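Chain IDs A, B, C and D follow the sequence of writing; residue 1 opens each chain.
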Amino acid sequence: MTEKPFNNRAWLMVAPVFALVLFSALLPMMTVVNYSVQDSLGQNQFFWNGDAWFRDLLNPSTEIGARFADALLRNLSFSLVALAIEVPLGIAVALSLPRGGWAVGPVLVVIALPMLIPWNVVGTIWQIFSRADIGLFGAALTGLGLHYNVTQEPISAWCTIVVIDVWHWTPLVILLTYAGLRAIPDAFYQAARIDAASRWATFVNIELPKLQKVLVIVVLLRFMQTFMIYTEPFVVTGGGPGSATTFLSIDLVKIALGQVDLGPAAAMSLVYNLITLTLCWIFFTIMMQLDRRRYA
Amino acid sequence: MVDVLPRASVSVARSRPRSFTLRRGSGLLPKLGFAVYLVALMLPICWLINMSLRSNEEIMSTLAFWPHHPSLEKYYYILNDPTWIHAFGVSLTYVAINTVISVTAALPAAYAFNRYHFIGDKYLFFWLLSNLMAPAAVYAMPFFNLYYAIGLFDTVWAVALAHCLFNVPVAVWILEGFVAGVPREIDEMAAIDGYSFPRFFIRIFVPLIANGIGVTAFFCFMFSWVEQLLATTLTATDALPFAAVMSRSYSVSGMDWSLLAAAGVLTMIPGAVVIWFVRNHIAKGFALGRV
Amino acid sequence: MSICLDSVSMVSMGESIISNISLTVEPGTMNVLLGPTQAGKTTLMRLMAGLDKPTSGRILVDGKDVVGVPVRKRSVAMVYQQFMNYPSLSVYENIASPLRVAKLHADEIDRRVSKAARLLGLESMLDRAPHQLSGGQQQRTAIARAIVKGANLVLLDEPLANLDYKLREELREELPSILNQTGAILVYATAEPLEALLLGGITATLSEGRVIQCGPTPQVYHRPSHIDSARVFSDPPLNEFTASKQAGLLRLGVDVTVPALGRLAEVADGIYTLGFRGDMVRFDTPWPASVSLPGRVTLAEISGSESFVHVETAIGTFVCVERGVSARQPDQPVAMHVDTARMFLFDRAGLPVAIAPDS
Amino acid sequence: MARITLDGIAHRYDTRSQSAALKRLNHVWQHGRAYALLGPSGCGKTTLLNIISGLIMPSEGRVLFDEKDVTQLPTERRNIAQVFQFPVIYDTMSVAENLAFPLKNRGIDRRAVKARVAEVADLLGLTRDLSRRARNLTAEAKQRVSLGRGLVRSDVAAILFDEPLTVIDPSLKWQLRSKLKAVHRALDLLMIYVTHDQVEALTFADEVVVMKDGSVLQVATPTRLFEQPEHTFVGYFIGSPGMNLVAAEVDGHVAHVAGQAIELGARYPKLAAGSTKLGFRPDYTFLVADGSGVPVQIRRMEDLGRRRLARVALGPHEIFATVPHDVPIAGEQAHLAIRQDRLFVYAHDELVSGDRR
């Protein structure tokens, strides 16, 4: 593999993408930065407010600060729980899929179905599905004696959002893991069988190491998506009951478009974006490291 | 996907495609587990279809898995109602525009990222990823102001361009994965044969990653089609997408559940049909070309 | 028409890959670049083709420096080790590709493609896709494409390395006649000394990015200008041992001394490195003037026309080549006689000692 | 573990295709001997190996390990070990753990495992690398680790090699080949080695099985394969360049090739011209200076360093002959002498035995 040539003419080929994304990202970001350092007296008079909003945001004792901290914590715990369920479940299902044959194509399409459904329709499905009176899921749970009510019980609401996310996105983990498993040459399985390795030993010593790169990608994708979840909780619980399922995105939209507090909303947007940026950078460097090793 | 593998690569013994029994100890349990998961996955979708075939009264009164007297009434209503038809039309339009823009812009960029080093290439590639991962909520307000200011508010172009925020990066990353599949020697061979770059790119290179382009187009289509927040924020009346019409139907006519369910089922059809054609590369698409 | 590399160097990722190579290649003969993997053969060819730019130095085509000229504008053709073809084009279109670009007339293309296809035995598979062909047929398609263009420079980068043993043999037979008809400058990179001997009119031995020796193949083989050239040009590896000569005696290792006979007698006292190839050794019957060492057979490898006999002696293990099938059994004691007339004698700097070699 | 017997084995990948991947074959693999399956790509050698290893269930016939019928047994219950085309090692483990893995899985106690690993590591020259992570070794060293995983098991019935030198650097093939030979001599194990490269086959094996298009043409020692090929393909495939094969008419002591009479040194029945060939290796065909022997035209001289070959034309046939050191070559005319004890007659590509009285 010869080394990639250095050639700045490549910028000509990248220019359209750069322009498009710049237009979609930079201009809006400028307005956000603009609002985040000003306050308004209403009717479009703005005055310099320095980093006041940021200080409030990051100071839990202030009203906005407490709200931001709660939403952040709620979102992080949601992301971690969702990941903790989806990744192992996804791997388990991927391992149980048939390795070859005609059945694989249709099965993969069916598994991928939930991800093709518009997010608001997913919300609608579960809004109905989780109602104790007209939904199978709700009826089943109440049938089991649990006092389950999505609109009143904070814990029920929160758990429902987790179940929705697991139902909606575990297929991503399954598909990627399955692709990673298929890339493992047959010889490794033969060798493992010849060495009388148990199913668990084969998994730990062959499949898991080979899935390392895929799992990094899965965790990155899933963590980012859960960290910015908006539509499903908005449709099913509207962020309620109270603020039980008011995740970061929902809270941000409430402040920005609901209360139209531009300053705090802008500051929150920036901090929110900064957090995703840092997490993204960590994953990006790990992924490029893994890629380089593949080429090395 | 190009199949020019160096001879030293693995030649898998040609024998019957082994079912998963090859993996010892994978007898009944995995099959059972897999069946349970599949049922759990399909239940909500079937429940939605079940709802769409029943009238509201029946839904509210009885909890039944099979509709007693199923009717396609709601589907006829949607498929003949001008606002719904307009909404689906608008959605398909901005999704198509966005897909075309994203893929055409991303193709040369993906090639450049894979084939050349250039100043800031790593950071640019990362910046695309960060935009892809950016929470749409953060951009809802700024986009609202921006497109309002440039007079594009409530048009299909607003949503199409707004979705470029994440669809162009998606297209670049997935295509870069497919470009990496084509050995660099083929580019050199074309140069040696005398191909100028544009002629090589169109006549030789694009056909080689044709299925990559197909998969990328599918994922741009799909991510734009499923997105709801920006689509509803940037539209008001004449460019209202189906998602907005669905959310409006909560408040106006009370909970018309069966109408909502029917609309939901209709939105699933485009994705389910198209994915069949790219089923061999679904994983590579979802993995942003990294698998 | 000639291509001259003028003190070309190439540094990549901080590492010097080509260090100050000056080399001229002319048409009418096969120029072979012989060297182990990582010796810089492929990089040198990529520089000649214009795929890479040298860090320093000039590449002259008929006296004109072409370093800036893009590949597209150069009259060059190349065959890769990994038999590269356009996967989406048929064999016919693959071979015709350079002619299509040059916008030749359809039946002119047809004539030249079928001529090239006939030369390489591909007439019956012109409409197939590359992936339907065997490795050998794919490489023949790549070679057909390289010769159909009539380029001034044809580069072959270890084209046979990935083929089956017998296929390699067949193509080695055919290649010289096929390529010489093109009248182009031919540059052929290989890691196998046998291929250089079979194909090479001119052979340049390479090691670690340097050209050690360049000249007519038999001369480079029989009279290496440096020990590295002898090492590169020996398969099985060159047998070496150091010896210090004092007053007619050769001291080899701690307690082994042998009389310095033949050419060795005429050389001044001092420390030398003696090298000999497997065929410069005989068992049982000594040469007119030989270095004789008792030893023990450790391994006998039969490869058909020849056998490689590993002999362990007091000063090291050497590999000797016997004609036909060797009957030597492991642990069998044997007397090894090295022919001083043909063995190589290098000083400590690796340069051959200036005495009149008579072979 | 005495031997592996193939009883009436044949295999067809899909019943519709008429070309069998492996035609009917009966053969016994003796314990402690090294065999090579040699043939061009697609000759069925890998299929045969996979039938022995249990990866493929043969369409017909039985596989017996000693007296036990193992045809239906999967690979792991056949007590074999295999080295693959590319290094198959457990990246996350050290070399020592790699070698100990098969024994640990069989529940053998730690002390015995440690001793056995040390012993095999020494045999394979891996002692220095025992603590290193297996992933960081060279491809050649990784193949030795892969081989070691088979050798540590004292109960292993056979070690199978599927073209193990494919990804090894040419200069290192040399070392791994002699290491395999040394291991074979040190351990009393049945080894079966698949390759398309005759040098690997002949140097490694006690007996070489030459295959073509799914059928076994000859099973013999390297010496016999070289000196008396029983099939024209074996003559062509073994030796570099292969055996000269020319169409001939044979009657009694003499063969007529392109109008030239050649003494056969044995009496043969009358054989029809169409399907009869004369076979003689370039190594046993010499140019002679004294004008005796068969007249030929020299087409080209090849100086291979340690031997000189002449490409000569005998009528329409182009053949190779060895040029002894002391024979000067002038002009295009020359004469050939062929060793009669290495001159063979083939009818329909099969060796015909003449009586040498």
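As a working rule, a contact is a pair of C-beta atoms (placed from the backbone, for glycine too) under 8 Å apart; a residue touches a chain by one contact, two chains touch by 3 or more.
Owing to the predicted nature of the structure, the values given are computational and were not obtained by experimental measurement.
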Two chains share more C-beta contact pairs than any other pair here; which two are they?
A-B
Most distant chain from chain D by Cα centroid
A
Hey, how far is the Cα centre of chain A from the one of chain D, in Å?
57
CA centre of chain A versus CA centre of chain B: separation in Å?
16
Could you tell me the distance, in whole angstrom, between the mean C-alpha positions of chain C and chain D?
26
By the touch rule stated above, which residues of chain A touch at least two different other chains?
2, 5, 185, 187, 193, 198
Residues touching two or more other chains, restricted to chain B: which are they?
7-8, 10, 13, 24
Touching at least two other chains at once: which residues of chain C meet that condition?
135
List the residues on chain C that touch chain B in their complex, please.
49, 51, 70-72, 76-78, 80, 82, 84-88, 97-98, 101-102, 130-131, 135, 145, 149, 162-163
What does chain D use to touch chain A in their complex?
53, 55, 74-76, 80-82, 84-86, 88, 90-93, 101-102, 105-106, 146, 149-150
Per the contact definition, I'd like the list of chain C residues that touch chain D in the complex.
36-37, 134-135, 161, 164-167, 169, 173, 191-194, 197-198, 218, 221-222, 236-237, 277-279, 299, 301-306, 308, 310, 321, 323-325, 330
List the residues on chain A that touch chain D in their complex, please.
185, 187-188, 190-191, 193-198, 201, 205-206, 209
Interfacial residue positions of chain B with respect to chain A in the complex
10, 12-13, 17-20, 22-26, 30-31, 33-34, 37-38, 40-45, 47-48, 51, 59-60, 63, 65, 101, 104-106, 108-109, 111-113, 115-119, 121-122, 124, 126-131, 133-146, 161-162, 164-165, 168-169, 172, 184, 222, 225-229, 233, 242-243, 246-247, 257, 260-261, 263-264, 267-268, 271-272, 275-276, 279-280, 282-284, 286-288, 290-291
